[in-house]
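In what comes next, chain A is part of two complexes: it sits with chain B in the first one and with chain C in the second one.
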Partner chain A sequence: MDSMLSRFAEAQVKCLGYDLSHTLSPDLSYENLRAVYKSCNAHDVKAVIKRGIQNSIQNSVAGSQVVGGQLPKEEVQGWVEVYHAYWKAVGELLAIQESSTTNGKSSNSSWSTIYESWKELLSALIRGYLSHGFEAWTVPCLYVAGRHLRVFAIKADTERSNNMSLESTAEANFEDDFNPESEKNQMLEDCARQLNRVFNLCLSDRAPIDQSRKWGIYYVINLLFKTYFKLNSASLSKNILKALSAGRGDMPALESFPKSQQVTFKYYEGVLCFLEENYVEAEKHLTKALDMCHKDALKNKELILTYLVPCHLLTTHTLPSQKLLEPYPRLQKLFLPLSRHIRKGELHAFDLALQEGEDEFVKRRIYLTLERGRDIALRNLLRKVFFAGGFEEPKAEGGKPVRRTRVPIAEFAAAISLGSQETLDNDEVECLLANMVYKNLMKGYIARERGMMVLSKSGAFPGTGI
Partner chain B sequence: MMPTWPPVPPPPGTQPGSAYSTPSYQTPAFTPVQVRQSFGQPYSASQPYPSHNFGPHPPHVPQPQTNYPPNVITATAPTSEPPKKKIDWPESVRNYVQRSFLPAHLDESVTRQEMEAKLKETISQANDSGVMYTINWETMPLPQQMIQEERSRVRAVAKPMLTLTPNKKSPAVPQLASLSLSSKKRKSWDVAEAEAAAAAATPPPWRSNTIGRLEDRVTFSPADKRLAAEETTSKNLSKSQKQMEKRQKRFDGGYKSTYRSPSPPPSNGPVVGTCQDLEKRYLRLTSAPVASLVRPEPILRQTLELLKRKWKKEQNYSYICDQFKSMRQDLTVQRIRNEFTVEVYEIHARIALEKGDLGEYNQCQTQLKALYQMGIKGKPIEFKAYRILYFIHTANRTALNDALADLTPAEKEEKAIKHALNVRSALALGNYHRFFQLYNDTPNMGAYLVDMFVGRERLAAMCNICKAYKPDVPLRFVTEELYFESDADAAQFILDYNGQELLEDRDGKILFLTGKAGVLFEDARATAFSRIDIKGQI
Partner chain C sequence: MASQDAANKDSKAAEAKPEQAVADQKPAAALEEDDEFEDFPVDDWEAEDTEAANGGEGGKHLWEESWDDDDTSDDFSTQLKEELKKVEASKKR
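And then the complex of A and B:
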């Protein structure tokens, strides 16, 4: 406890937010947890903490050149509350570790009690900012509290669903409906609410920008996004973005935040656009995230590319190169077969590959996007038909040969039927051709009466060089 | 519902508290019993009770079954043990009965006979609805309490009767007055709960045995009538009152609305319903449910049959929807989640679908999804297919993705789901030709859903055709491709979007001049796709 508080004092005097936040970490070894918890008892804990804070700050001030001085009384009181809550949470953590090591049947401690006690810590911090005058540079404490709250919430939910079969949801519920999904994630949903409090705490700070809690906002947002995605309610993230853009005027620019926060934020922003089929925007955000991402953060890059590759397929009709995917075996497995079939215009093989990977694609929410790659495969197939049609008799002697631009529907029909290995009637083939034209993958028109597709003499297949 | 006193006779030709008219059936065996009536009316005449005015109170809809008066029962009922049948009563029930007769709990205003009748009723009801072992007998109000509440409830409702039966004298006045005092002493029971309990106590013993015991029926039915008649005469009912009662009987089969008190206190554990009405209006609960207003599962099963018949015959959606909502509510508050629950939700979902009521449909679907997940049998395939079609309609990609993730490989091969998936992929790839073929071939009631977006898909297809075909196509081609009923319909569709210039009669054949259409349908298409329904979005 003493060493913890002296680190606290050190950080307080030097205004080092991250150092300060480390003193609130629950990731301690069993011995350390024990040392902290046993250093005082429930009776005198507050007094011990208070004394500890005051003494150690005095020592630090004396031992450093920084002109600091004592913390205001108010603030000391706030920190006492915080460390008191921390001490209690440590007690719970200790209890669960003990029960798991001794394999004791049931201690009173469980992940949900840890969650609750950790929530107390977060609340104490929030109160500290609201009424004890905590300074903005201490926001990393919120990060630590928020990050672990989420972890504890997930653990508590898993724990509960394991015991679920026995206990029924006894609390009175007169709603017209019940929702097992939300029962499953009860704690995490509560966690999202807590994080939202932190978000608002940061957002609503009116202090001048260099002393503002607004500097904490992107970290909290990213935590919230992560939670919302886990809760399968990504759409809630939209509210955050809305609130953010409403207050954008007096918000520090994203570029001035730590890069790690920028990358995460851009990634989520991109995925959100992606889910709304706004592929152009998604591509922008994801590209930015990829560019800024640390070169060795392969896992993160892989996540970004998972969405960026399908984006490119739809926006620019481009496929990932072997080289791009080289460091990511998982992405290779995901995208390479499809890419190959698209490139060659192999409809049937494409369908099979899509089916093959369906579960994985659906899980990553890219199935519906990749499916549309079939258009590109079809375009490539039709393009082959066009090539196979050869050239018209040159009109003038020695004139430049002109490709045959009037292609019988029947030729396309044959190619499509062959390629997809199912028999399509001419009307359906026309429908597919009409789609190509409509989507600007092909230029020309269908002359139904004559059973002909008349292609443009210049650029029948835009963007492919002919 | 309050069957223990004769309800206010309605003006001729109307029904009290009912929005729906046709009485569903007559109740052959119901004989109003006069006993309680004598409590309330004169009392209220002399002393207005301000707290709860319930308005015209609906008479109950009795089951066509055994009726016997309470005093006959009490004669046969054993003193301290639940009656009849060699049933091994659970310990909790025995304790409950014993508790009732503890001297400390006895209430001098309630006779032993009344208590026994109430006990018998309560317990046999619990037994009949199969909750004997689940009910919390520890917290069950004692019979004397129930009777008290019942009486106070009678008082509360008596007021409106005042004007109609002002001339009646009752021997019960003094007794009631003392009762009201004693009930006030019980602090933990507020008025509302008192009513709740009264209501709980309401279904009188003579119709508590839903499953009807034969000997009872045989023995007591005639006696019941005779007794009732005797009582009537003994109380010197006026002729007009008798007529009123007679008339009342005619209305008993009708649909009656149910009133409930505004704030019963929360209970612990699910309610177990005691209400015997088949029909009940939906009222959004704002507080804990009241057992007497909740129908137990056996009754709900009868209700479902009744509603199915009615729907077939009358097709009155607002009535049906209201009824189904109240059924769902009763199921929910009693935490009944079984195949019957699924059936109720399925039927309501189908009916809502047929009527395009997406709000209700969605609520049902949400519940069905959860119920299927619990492993309760039903028609998950059919409804999963609907889900997919619905998400196509709302263009909700995230939900669509989730719905896909939810399917097992076996389910993907099921006809209805396969169809829905094909619809989805046809639309995703713009293959309107295939889409309209699938439209023609939609299983179950999916066509109601497809109907909701077929117009928008026609516009999209029209845009395609106008851009791709030159210079024209026969109108017949449009009719066939976009699956219009007739050329006239197709032409009308084009005219609706100001395409009159685009139709041309050439040699008796109508042509659609696609080459001149330009972007005629584009705007309409864009608006059609931008409107996304959000009613009760899942």
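And then the complex of A and C:
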């Protein structure tokens, strides 16, 4: 406890937010948890903390050149509450470690009690900002508290659903109106509400920008995004973005935040646009996220690319190269077969590959987007038919040979059935062709009475060089 | 073809069952590992450590055109002609 508080004092005197936040970390070894918890008891804990804070601040001030580093009384009181809550949470953490080592089921300690005690800590911090005058540079404490609150909430939810499935497999059949979805994430939903409090705490700070809690906003937003995505209510993130853009005028620019926060924010912003099928915006955000991402963060780059590849397919009709996907075996499995079939115009094989990967694609929310890649595969197939048609005799002597631009519908039909071995009606083929023209993937018109497709002499397949 | 498909489906369904039971037990954990953007080990980094500075996205060569002109279109054209004949023949019948 003493060493913790002297690190607290050191950070306070030097105004080092991250150092300060480390003193509130729950990731301690068993011995350290024990050392903190056993250093005082429930009766004297507050007095011990208070004395500790005052003494160590005095020592730090004396040891440094800083003048007048004493904390106001109000603020000391606020921190006493914070560390008191921390001490209690440490007690719960200790209990669960002990019960897991002795395997004793009798202990009352559980992840949900840890969650509750950690929530107290977060509340104490929030009160500290609202009524004890905590300064803005201390916001990393909110990061530590928020981040772990989320972890504990998830653990508590898993723990409860495990217990429930043990107890109530037999009874479950009788409860028809029981909604497992909302029950399952009870703690995490509460966590989202707590994080929202923190969000508002940062957003509503009216202090001048260099002393504002607004500097905490993106970290909290990212935590909220993660939480909403996990709760399967990604759309709630939109409210956050709205609130953010409403206050954007007096918000520091995203570029002035640490890159870890920028990348995470851009990723989620991009995925949100992606889910709304706004692929142009999504591509912008995701490209930015990838560009700025740390080069060694493989997992995160993989996640960014999972959405960026389908974006590229739709917006610029480009496919990932082998080199791009080289470091990511999973993405290769996901995208390479589809890419190959698209490139080769193998329509039927494309359909099969889409089917094959359906579960994975759906899980990653990219199925519908990839499905639209079928147009590109079809375009390439029709393009091959056009190529196979060869050239017409040049009309003028020595003129440049001209591609045959009048292609029988039957040839397109044959090409489509080539892979699937299923014959399509001419009507169906015409419909496909008309759609290609409508989507500007092909230029020309259908001469129905002749059973011909008449393609444009200049750029029959826009953007593909012919 | 159709019967083969059906057979495939059956065997798939049989396989899926035990897997599903496992999946039901811990969907949350599985998603957590798979899908979540990870915390970076460091808070901030220099421009030279970004993906862009290391031959990443900045290089446009990482994205390729979506069509392929390299394949032997002669092959395709013979295939196409055969298929055309087949289609014509089936229509006449």
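Some notes on this structure:
The definition used in the following text is that the second predicted complex is superposed on the first by the 450 of 466 C-alpha atoms of A that agree within 3 Å, B and C clash if a C-alpha of one lies under 4 Å from a C-alpha of the other, contacts with A are read in each partner's own complex, and residues count from 1 in each chain.
We take it that a contact is a pair of C-beta atoms (placed from the backbone, for glycine too) under 8 Å apart; a residue touches a chain by one contact, two chains touch by 3 or more.
Owing to the predicted nature of the structure, the values given are computational and were not obtained by experimental measurement.
Of the two partner chains, chain C is the only one that A:Lys299 touches; chain B does not reach it.
By the touch criterion stated above, A:Glu411 is placed in contact with chain C alone, chain B being left untouched. Comparing chain B with chain C, the partner in contact with more residues of chain A is C. By the touch criterion defined above, A:Glu116 lies against neither chain B nor chain C after alignment on the C-alpha atoms of chain A.
In the overlay built on the shared chain, the residue A:Glu277 is in contact with chain B alone; chain C does not reach it. Contact with chain B, but none with chain C, is seen for A:Ala234 once the two complexes are overlaid on the shared chain.
With both structures placed on the common chain, the touch criterion links A:Glu189 to neither chain B nor chain C. Under the contact criterion defined above, the residues of chain A that touch both chain B in one complex and chain C in the other are 363. Put simply, chain C touches chain A in their complex at residues 25-26, 28-29, 31-32, 34-40, 42-45, 49-54, 56-58, 61-69, 71, 73, 76-77, 79-80, 83-84, 86-88, 90. Listed in rising order, the residues of chain A touching chain C in the complex are 18, 147, 154, 157-158, 161, 165, 184, 226, 229-230, 258-261, 263-264, 267-268, 287, 290-297, 299-301, 303, 312-313, 316-321, 323-324, 342-345, 363-364, 376, 379-380, 383-385, 387-388, 390, 410-411, 413-415, 417-418, 423, 464-465. Interface of chain A with chain B (complex): residues 170, 172, 174-181, 232, 234-235, 275-277, 358, 362-363, 365, 367-368, 371-372, 374-375, 427-428, 430-435, 437-439, 445-448, 454.
By the touch criterion stated above, chain B contacts chain A in their complex at residues 266-269, 285, 287-289, 325, 328-329, 332-333, 363, 366-367, 370, 373-374, 397-398, 400-402, 404-405, 425, 428-434, 463-465, 467-471, 473, 477, 480-481, 515.
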